[in-house]
């Protein structure tokens, strides 16, 4: 049984007061996520990531299609007891302390009093907030709020976690901690479904990713599989500061520093470039393959003008 | 189920208290103290009358303002802070959320009124040095004011479940004003003809009737309240509150929380 | 000085200056307002309109209007104006908002009915007010008393007065004098004994300070009238006996016509003038006297009510 099965889920809104126009937020989506996977849901802002998550959480009603989580329908309370959700940029209740907030959520998740107390302190420690347990949330920094958000999502030990932009607002150390947390969850057999527009995080963390753009799915698969379709590159470094004309035509970019040149050529042109350099009597220092990143894949898959707004690595 | 409603209610109450809503009690205490001291110099012979009029009117108005100002944000604030999403992703029914919010605010207003009631009686004691049996009707007036609060809270919650805080405030306040004229509206309805009569009568019965819950003047004159009146008013207020709550639940159940 | 400190200093200084000057400006406004004609504006002249606008909080609004009515009367009373045009509407709005505010009807009877400068000079309006009060409070004896009061004092309609007193006397807790007033009206209507009874009843049945002070003034005036009449009679008999006017009261004492030196209700000795006239030493203190004032005496603006800020 898949952890998450999305069967043609779609959402469109009618906008406009007098002339009703249809605006499509999500075209029919077919996707499945296996148990124990870390699944990345990528796309620029406005692509439909949050809409998908809200559809899965039952916050928004689909125009068509359905979905199943752990084999159960959306809005099934038994299913909800086993999932955790972190919304984008949460603020929480200003006047509660971290302890009180988590107590409240534990109550709503149906945990008994004794269990609540131990779980709350355990989870606060996990996210590194045990020192701020008695501080009111309005004094929390953005990073701390993000961590408290993760805390409430894992509080009741859910099987599937849905995280909307979990790294947003975190400094590099915080990002690393969240990544470590997600990997730990995976080790414990949990499924993590998270959306992001930060490609480097997805690259190192995810087993599989889906790329969505303008409400439409553009690609699904393991990162390695996706990037292998894209042409590779190589980096050639040589002595001196001259660039032979023949080599120049083959390069996509170059960089002069001190007494060496560093150039990037397409994998297909690699041999021709090396020949060109040797014919010019230039001493080559190194030749290194450059792994295509997800960003390359992204940039190739999506039209350039559309990616300018949202993609960040 | 009921435990979750209670938890949501308790959280709403705690939020209101920590948001320093109860500080309005200080303003009220100052008002009553000032009035108690001044009234002896301005209106000899009708001190009790003025203290009861002023005190109960203040209780009523303060409470309506609080009910509307907090009520309109009950749902919209949770959306703004994203807390609603984390709550509904748990096994909590949308209707449980609405009902819990209602009881939280109603509880806050009840506690507020309790303290204010003590304040009114304290001021009364100060100006007249003793209580009379007729003062027990003041308790009935306070009870009616609480019933008014329940209705207003449900109405504010109803609007909050689908519209922005500003619009909700305008609607809720307008209904409060119209509701004070409810008796007159029914009078107009009786005089209208044809389709107009049907519409106005419908409106007259749909609008919350606050005029019959306002017995401040007669209680100030130490007039008794009939038991039947108390029962009918209670029934009406509870039924109307229930109706508004059902409306809120229905709207909220089908709303897309973008 | 750091920039922020400078701004703070300037800001606070400016705040203080604005505060003080605005207070001074307001004070000046107050002064020029009272010197000018009293702004005769009743923003909502219709009682029904005010009741509509009260949103059900009639009782409090009635108390507010009542306070305004009292202050209005007191202020104009002190100025010695001859008109109180807003008193009737103010009382009407008050009673429209709270028909059971008995003291408003009393005030109307005592101060709407009498002629200026002691009242608004609108006895008919006062009667309408009292009758409205009776319609809304049919079991309150006080309102029947107020009605009879107006008929007796201002309209001198003794039959209607007796009728009102009689109706009122039948109600529970009615002041015992009502029966007496009703019974004796037929024969002793114009006599000062009746008037005294009336004013004593008024004094005993109200807690309003102004009404009480008014009643006291009237009672004193009645006493002065009686005493002056008696004294002048005694002086006349002295003259008959001795053939000349006495020079002082001690001469009357000497022949046994008087015991002790006569003093007025405020404790000041009466003046004995040539030709046997008796006068009070300070007529300003007795607003309602018929006798005992010098000829051609013009009473100054009255200042005997607590609301006048005097007496």
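Going by the order they are written in, the chains are A, B and C; count residues from 1 in each one.
Note that a contact is a pair of C-beta atoms (placed from the backbone, for glycine too) under 8 Å apart; a residue touches a chain by one contact, two chains touch by 3 or more.
These figures come from a predicted structure and were not determined experimentally.
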Common contacts of subunit B and subunit C? none
When you take the mean of every protein CA atom shown, which chain's own CA mean is nearest to it? B
State the chain with the largest centre-to-centre distance from subunit A, centres being mean CA positions. C
Note: subunit C sits from subunit B at a C-alpha centroid distance in Å of 44
Here the gap between subunit A and subunit C, centre to centre from mean Cα coordinates and rounded to Å, is 87
Could you tell me the distance, in whole angstrom, between the mean C-alpha positions of subunit A and subunit B? 47
Subunit B contact footprint on subunit C (complex, rising order): 52, 55-60, 62-63, 66-67, 70, 98, 100-101, 103, 206-209
Within their complex, subunit B touches subunit C through residues 42-46, 49-50, 52-54, 57, 60-61, 177, 180-181, 184, 210-211, 214, 216-217, 220-221
Using the touch rule from the top, collect the residues of subunit B that touch subunit A in their complex. 3-4, 7-8, 11, 14-15, 18-19, 80-83, 85-93, 254, 256-258
Contacting residues of subunit A [partner subunit B, same complex]: 54, 57-61, 77-78, 80-81, 83-96, 100, 104-105, 107-110, 149, 152-153, 156, 162
